[in-house]
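Below is a structure I'd like to ask you about.
Labels for the chains are A, B, C and D, by order of writing; each one numbers its residues from 1.
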Amino acid sequence: MGLPDVQSWKPRSGFKLTRVGIKGIKKQVYIKRPDRTVQLITTMDVSVDLPASKKGSDLSRNSEVIEEVVEQSIREPSPSLEALCSEIAEKLLQKHEYATHSEVHASADYFLDRFTPGKRKTMEPYRIMSDVFASKGGKIKRFIGVEVMGMTACPCAMETIREAYGKDLKMTHNQRSIATLVMESRGSVDADDLIDIAEASMSSPTYEILKRSDEKDVVVQAHENPKFVEDVVRDMLANIIKKYGNLPDDTEIAAKSESLESIHKHNAFAERKTTLGELKK
Amino acid sequence: MGLPDVQSWKPRSGFKLTRVGIKGIKKQVYIKRPDRTVQLITTMDVSVDLPASKKGSDLSRNSEVIEEVVEQSIREPSPSLEALCSEIAEKLLQKHEYATHSEVHASADYFLDRFTPGKRKTMEPYRIMSDVFASKGGKIKRFIGVEVMGMTACPCAMETIREAYGKDLKMTHNQRSIATLVMESRGSVDADDLIDIAEASMSSPTYEILKRSDEKDVVVQAHENPKFVEDVVRDMLANIIKKYGNLPDDTEIAAKSESLESIHKHNAFAERKTTLGELKK
Amino acid sequence: MGLPDVQSWKPRSGFKLTRVGIKGIKKQVYIKRPDRTVQLITTMDVSVDLPASKKGSDLSRNSEVIEEVVEQSIREPSPSLEALCSEIAEKLLQKHEYATHSEVHASADYFLDRFTPGKRKTMEPYRIMSDVFASKGGKIKRFIGVEVMGMTACPCAMETIREAYGKDLKMTHNQRSIATLVMESRGSVDADDLIDIAEASMSSPTYEILKRSDEKDVVVQAHENPKFVEDVVRDMLANIIKKYGNLPDDTEIAAKSESLESIHKHNAFAERKTTLGELKK
Amino acid sequence: MGLPDVQSWKPRSGFKLTRVGIKGIKKQVYIKRPDRTVQLITTMDVSVDLPASKKGSDLSRNSEVIEEVVEQSIREPSPSLEALCSEIAEKLLQKHEYATHSEVHASADYFLDRFTPGKRKTMEPYRIMSDVFASKGGKIKRFIGVEVMGMTACPCAMETIREAYGKDLKMTHNQRSIATLVMESRGSVDADDLIDIAEASMSSPTYEILKRSDEKDVVVQAHENPKFVEDVVRDMLANIIKKYGNLPDDTEIAAKSESLESIHKHNAFAERKTTLGELKK
């Protein structure tokens, strides 16, 4: 039909662009876990760079690449969310032949079975994320991340109250907290393990079902394990070294903790962005 | 210029519509408080009904009415958010001469000075809202509402732990809570009073600044005053009767409490929609 | 172990409550469709009423009921989202023996295969919702709803421009629109059909992948089919009568259209809440 | 009273932290504009770094610094949002004597008078933002940013339709778009100018009130000025050089355009992060 290729026209102002793409694409994808296949509803952002000489990036190619990889995951589930995102990132570079970089960001609800202190089984919701950065020439950086809700109990108020009222009082403010752990996926980094690490780094995990005796145990555990947002981040980092200390020194890591302070209308947060090598110094 | 009046064309399918309007209009408005003039950034939704015989509601008239009332509030601040919304609702009926009903919904951040237990002054953020429903013939219903963050401490976990570990232990889970109180504005109902009632109905108010000794006092107060979401709603209702018990029996009231449970990933909530007469039975 | 039953204590202020429950519970559930089983990630709110004589509603029972019904849907997929919500609503009344009403609200992303004008297959995202209200004694009201994104082109600007510049110009502003259609689920009301109706009521459906020729066809279709938000609602209502006109007269219907106006910073919306009987008058 | 200083205790795991602070603090602040004083409702995030040797950052100091600077802006309005944020950043370093870096992020609704094509005055809403990064020793980096809603009309669909149906047809899809422009504040960079640049870079500005004749003019202007998200970013960059080309070469700039595609359910976006020197090459 000979439609005009407007995107290849010379742009009015000749600047290259860092990222051109599409945001908020929702897709059902299929991922292999050791014991099962999991369906995820992911929300994705994908982009490539654009040289100064090109007016537009053909955005419909992005949708096509996503559709292609998603369709394939229905027939053969991808080993992981980051593997699926990597495949999209690599195909973006192939389809946009002028591009030197591509990026894919994806996040999804994710569920795991857990057991309350009283051994009651409950299915708990988490978020998993992946960020992939690919470059022409084959260099690719994959990140896998998790977001975990839990509980923190404040050590400072607990100590102040203990000093004021005597040793036996363990009263303090506690609150819903969100721990985020993102790591470069080298070798065998697994989302389930990152969730375990993030969850274990708070004062207590939380659960969707708690009978009275369970509730007591969760509250007591949180008070025996009081933590600042700072402690949550540091404990995630210490656990990352234990679990993944043998990965290369330049493996990048970002750990963040945010607590919905019960005594304030604002949140508290702490964060560390670093490499494994830096951490091990 | 004789532009075509497409809105007055006969619609293809002759159904009347309950509401036609615009949403998410942001405006700076000016409100009188006893001791000062307050500038609010409101977000508004406004609408009128549309008869079956009319294809379209001329939506630009809505914007014009809002602009007119807002401009006027700059010159002479409105007595209250609900007074300003009432004026818009009445003018909507005048401008849309075919309409029999109009509605205006507005909400805004709002700030009040508070004092921590240790008498430190702090400026605390709240939300105020207004809903106004006007009918041709002059009938008008005005609501004023407030949304207040505070803290609740769970009486159930506290009691379970007390039973298990002995009388002196007041340990429990506590969390950020949101109390919402909406009331028909008859006579002298005032947003500041509704905020006072909602804030006093939780286990403790919360503050943007708390030094260590203040923090201790807030935590202790919350633990001496443990409350379910149910208790928060009931205490708001009891306080409404105390403060506004002399208003007409058909005065409508909605009270809601929602807590960001520290031991769960979901929220708990309780709600009562009723009239003053029902409450006083 | 004889834990104290704090919830059954006498409340301080003896008011009954309209709703007490939990919000934002995320669950994976399984639903039968004519040709396949679909996994949904639902977000649910559930509640029951509470008599004046009871201090608290045992909220852990809500989580247990949800978990029970969700587990069962894994073994045997539920016929529909509203069937699953109905089962939860009925079990809530059984477990909370003091309650006279229960409510369940659920929503989920949902995907359907579509074909672009050029016959390219694309998987499109929608939202489906269900609201269920159950009463002691067996009365139950089920609603099924859908939220569909599409495109509207404004008939008013088109006509004004035509008048000003001549007959052949079909230029107008167009924009992303959201149509919401909620209906009491009597007999054979099906979410897929409601999605079809909502999607067909806008100026054009939209698609995640459009090659240049497809894009042209979508734009042309939208301009040949210009619609106000008012038209979208009325066309949904007309289509509801065509498809479901034989359902009982008291069948409740809510239709809403909201457009992210390209020429304004605010949205336009239209809405009708009614019954089938009213519509057929 | 000799309260225990828990924050100065030795942390369990000795890692330094990149950022520790508070998020989502809402404050009323006062800013000078050439011709008036403006009240903004800002939402702020503030933080400092924390050495490995320190268990906790005393977060109440952050609130105190904010309150102090906010109080001062009531008595004497700050010259700009970035000046106010700079003052907070510098005071954070003074109060947290162990910190080597501080960060302040703030955003607020902001309003400007505009005139429609038909010269009707209308008050339009925008967002302004500031990011400030301060280091011990006096180095400080200030950014001022704006977010502007407008309209883009797609050049590609317009051209395809023109080819298919003939020269006179200017039909295309158009949509609400959001342009974001953030720039290092060196010398005389002003938020109002950045808003002008962002607004002028789209196919047309949009307005809260448009009478029929105005609406026609806005639609026609957008169709005479079709733009990809890529074009919007490039035109912002070209205008930045025109306005601020004499600022130092290392002045950092980030420009982004996102369009709520009317023909898709996802958004398109383009972005450039660069320095003035890079742009001028």
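Operating definition for what follows: a residue touches a chain if its C-beta (ideal position, glycine included) is under 8 Å from a C-beta of that chain, and two chains touch if they have at least 3 such contacts.
A quick note: this is a predicted structure, and the numbers were derived from the prediction, not measured.
Chain centres here are C-alpha means, and the one lying farthest from chain D is C. For the pairs A-B and B-C, the larger set of C-beta contacts lies at B-C. With centres taken as mean Cα positions, chain D sits 30 Å from chain B.
For the pair chain A and chain B, the distance between mean C-alpha positions equals 35 Å.
Rounded to a whole number, the gap between the C-alpha centres of chain B and chain C is 26 angstrom.
For chain D, residues touching at least two other chains, in rising order: 3, 25-26, 125, 156, 160, 208, 210, 212-213, 215-216, 264-266. Interface residues of chain B, counted against chain D in their complex, comprise 1, 3, 25-28, 39, 41, 60, 63-64, 67, 70, 109, 111, 122-123, 125, 208-213, 215-216. The touching residues of chain B, counted against chain A in their complex, run 124-125, 149, 151, 156-157, 160-161, 164, 168-176, 204, 206-208, 210, 212-213, 215-216, 218-220, 222-223, 260-266. Chain B makes touch with chain C in their complex at residues 2-4, 6-7, 11-26, 45, 47, 50, 55-57, 59, 63, 155-156, 159-160, 163, 228-231, 233-235, 237-238, 258, 264-274, 279.
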